[in-house]
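What follows is a single structure, written as structure tokens, with notes after it.
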Amino acid sequence: MDLKLKIWRQADANAEGKFVTYPVHNISQDASFLEMLDVLNEELVTNGKEPVAFDHDCREGICGMCSLFINGRPHGPDDSVTTCQLHMRKFKDGETVVIEPWRAKPFPVIKDLKVDRSPFDEIIRSGGYVSVNTGGVPDANTIPINKENADLAMDAAACIGCGACVAACKNASAMLFVSAKVSQLALLPQGKVEAKRRVESMVAKMDDLGFGNCTNTYACEAECPKDISVANIARMNREFLCAKVT
Amino acid sequence: MTKLDSKIPEGPLAEKWTNFKAHQNLVNPANKRKIDIIVVGTGLAGGSAAASLSELGFNVKVFCIQDSPRRAHSIAAQGGINAAKNYPNDGDSVYRLFYDTVKGGDYRAREANVYRLAEVSNNIIDQCVAQGVPFAREYGGMLDNRSFGGALVSRTFYARGQTGQQLLLGAYGALSKEIKKGSVKMYTRREMMDVVLKDGKARGILVRNLVTGKLERYGAHAVLLASGGYGNVFFLSTNAMNSNASAAWKAYKRGAFFGHPSFVQIHPTCIPVHGNYQSKLTLMSESLRNDGRIWVPKKKEDAQKIQKGELSPVNIPEEDRDYYLERRYPAFGNLVPRDVASRAAKERCDEGYGVGNTGLAVYLDFKDAINRLGKSVIEARYGNLFQMYDKIVDENPYETPMMIYPAIHYTMGGIWVDYELQSTIPGLFVGGEANFSDHGANRLGASALMQGLSDGYFVLPYTMQNYLADQINVPHLDTDSPEFEKSEKYVQGNLDKLLAIKGSKTVDSFHRKVGLIMWDYVGMGRSKEGLEKAIEDLKSLRKDFWSNVNIPGDNTGMNVELEKAVRVSDFIELGELMARDALSRNESCGGHFREEYQTEEGEAMRDDENFMFVSAWEYKGVDEEPVLHKEPLNYENIEVKQRNYKTA
Amino acid sequence: MSVKYSSITKKIWMSLMGLFLMVFLVVHLSINLLLLVDPSRELYNTAAHFMGTNPFIQTFQWVLFLGFTIHIILGFVLQIQNWIARPKGYKIKAKSEESFFSKYMIHTGIIILIFLGIHFVNFFFRVKIFHTVPDYILNGVNTGMEDMGIVVVKLFQSPSYVIGYVIALIILGFHLDHGFQSAWQSIGVNNSKYTPFIKGFGHLYAIFIPLGYIAIPLVIYLTT
């Protein structure tokens, strides 16, 4: 299949960016979206031009490195996948595909389609863990955990930190990301110990970094490649409310 | 020939580690603050080691090539992590895990290391649960286990199909905690370009900032490499696109010996290759073999019809299906170790019984399991894997059998290390997949996660102290010192040389070529002629690369092609070493299968008399032949026998 | 305010005030409907008089004002912060929104705010400040109460006012449709057991409350 790509090109963080149009030809329907970009890049390099920079790594939908806002949707026109798992059979021959970087104040563009997502790390650093050191912990089966909660915790823990929730949200809010970690740990007895401190400092950090406010639009849930539920956001709100009033 | 000192502690096997810890040197708390440690890589081994070392009070500088420490490739491990907890009461023990691992590795791993690994495996599970890793649980609230290849007990702990992710996020949490505390300094989007030595000891690294393109210098009292494996030398592998051998390769070039370079693991359950634009292969967790049955058609004509798309596998009657693993290995059946399963698939396909349009695939069928357990049970166990398969192949595995084919997945080889995980360069430690230890010639499923975390949480924090205890009065290495100057000049020179070529071929085209050579001659089946050809081909490919590669742009700012070029140039050199190693080992063992050395039934034939040693290669210069050093392997606690998965 | 309070604190206040205002809408509607129940306006005027003079209600009125004020100010603050959070937008607008009306809360909110202003001028200020409401004469006797009913009936004889009123109420419905379930989510009530009910009830609320309001001008316009 042949496609017309409109890709955001930006030399570095301080440069002015612009859209550049590239045609690509003879793309297989079975290729992944990133493999299609590989083909384009190979062609660009062969012609001595700078290839399009985009983040990617595992190419199996788990590392959270790939991003891309494709035709108005983070990770493109398929549900519950990352861009690396998006296949060209989801596109029509001759289609124009607009590829943009994630857009949010806390996620500045580094180059072309790569953005800086380190604010997510900063949020986790502010408390997204259980403060135990190596060694000196009890036997793993000492604390029975109800299966339902363990499963809910796993649902939340599936977050890959890709930032699609922020990219999709009309307010560039990071609530789904933050709430996934808060929820995972709030649901488990190990995490309950410092639950109050955790939710307060993570939310404060999220606000400081300049993410927008949640308006319960649920675009985040719709676009999350790991189907993280907005019930986690409610759980975080609840945790936060309890932390504030107690 | 230098004698390699493996520094295995004295005493009975079960007491070696305890003895070591009881008598090792420690650094007093006040002095730990004065010591800097560099950690390269933030996967399970690097992340957990960095966090644990920082908890002890050391200053740790951590480097990773990704934008966040959470993205290291450990994250992609699916199936689980082994531990000798014996929670299911099915007869497991530390000894049995040790035994299975040594046997699974085809008796090419060091006994003492493997025993220690089995010993600390239980601590890992405790640690991870305390961190809030959401392992699967039973209704009673206790941890659930599943079984994996190469074992007769259920000892694998798992978190759905995302065990690696959850364990890595646990380590990442611990690391984040220490970063907040201030004793870990995190450097992301940095690639190690060189190890800096002073007086023969590893004292720092030179890194390239992947955003600015600038070279940066960092000094320390010890360096830990946890930079992962080198499966991407095959171009197509299940490794992440950015996984590379460069950090380990630079260490090798600075004097660290490379152990067992040719021992790579070919994973039997990957989604088959479907096109030449393909950039990587996707693994389907080995846990699928718990319930899936592997088969190919019994009749060649059926296979041919399937290849042409004229016949559907669902229309092949039961009696015309060859469940070849169950046929050949009645005791272990579909759960034989990975190398055995992979080779058996290759054997069937080479004989013309393969399926799929390339003929390079076999079926993994869940029909019986669905009939026995119901679709909902299968969905609960493997739903995410089935969905992943459907997304990639566009076929519903609940209705038609999955197609799988072996792919490069893991490298058992790596930098040679002694019992303390220290390389032949004093002060340079190596952990996780980057080192050669523990797995011998083949790794069992769910053991990589165990090894990474064992090294990081429970081994390196002890053994590194043993080294650092007498480094407390050593001053910080000045980054303006001549050692750094020299290193930077060398690295800069190399980068300039690469950028100046401006040839006509892309970096990827070279990567594909090295991958094809490796897959054809240094892959699942190896022969003397093939390996010799590979060495020659790689030599000429190296020449071609250094005269014809085209890297657009310059060294100011981000240059992805330059990053890749550095890695590919290292892969070409590494490939040659792998071929040499495979050529020198005139036997078949584990993942290393020399076609000349097989039984009449096509099973691997080991030569314990002549090859029961670790191959450790010493670098002598880019156009010089490396020197082979041998570390003899002594099995005092285990009876060495031909692996047998036909009877229990 | 934006500096001092966290995003979730603001959201919680926003939703508590929203829920409070929704209760007020029900009370207001039940009084308005008295106009349809009793065309003589006696019930309506009595109720209006009670609301306008009862000391408790009069005090509570200030709480209501405060509720409105907090809800409105927070709405603007949150929205401005949200705009700042994405200084450069997308070329292709996001296509993934789930709760459609949530995208237009600021727009529907501003229209409702304007309507509220007009409403104040037409009713509240007339009775409280300008004192231009005639007394209510029942059977030739001056009851001493203001005839709020006649003010309403007269206004609802103007077709343009009725159209404007109907449009404003439809927009209020949009605002409520998202606001109702959103408020519960913000205070942390989201559970597979209750949420479908909350969402369903919210849709019904957002349809029937505005319909109830709209029924009054339509009936009055068509019958007088």
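As written, the chains take the letters A, B and C, and residue 1 is the first residue of each chain.
In this section, a contact is a pair of C-beta atoms (placed from the backbone, for glycine too) under 8 Å apart; a residue touches a chain by one contact, two chains touch by 3 or more.
Quantities reported herein were computed from a predicted structural model and do not represent experimental measurements.
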Legend entry - Leader among chain pairs (count of C-beta contacts): A-B
Legend entry - Most centrally placed chain - per-chain CA mean versus overall CA mean: A
Legend entry - Between chain A and chain B, centroid-to-centroid distance (C-alpha), Å: 27
Inset, instruction - Could you please state the distance in Å, as a whole number, between where the Cα atoms of chain B are centred and where those of chain C are centred? - result: 63
Legend entry - Rounded Å distance, chain A centre to chain C centre (Cα mean): 38
Inset, instruction - In the complex, go through chain A and note every residue touching chain C. - result: 6, 19, 69, 71-74, 98, 100, 103-106, 168, 170-173, 203-204, 206-207, 210-219, 221-223, 230-231, 233-241, 244
Legend entry - Complex interface listing, chain C residues touching chain A: 6-12, 78, 81-82, 84-99, 102-103, 105, 178, 181-182, 184-192, 195
Legend entry - Residues on chain A engaged by chain B in the complex (per definition of touch): 11-12, 28, 30-32, 34-35, 38-39, 42, 44-46, 48-51, 53, 55-65, 78, 80-81, 85, 87, 89, 110-111, 114, 116-118, 120-121, 124-126, 128-135, 137-141, 143-147, 150, 153-154, 157-158, 160-161, 184-185, 188, 190-191
Legend entry - Complex interface listing, chain B residues touching chain A: 48, 51-52, 55, 66-71, 73, 75-76, 85, 87, 123, 125-132, 134-143, 159-160, 162, 164-166, 169, 172-174, 176-177, 179-180, 186, 188, 211, 238, 240-242, 274-275, 277-280, 282-283, 387-388, 391-392, 394, 457-458, 461, 502, 504, 506-509, 550, 552-553, 557-558, 560-561
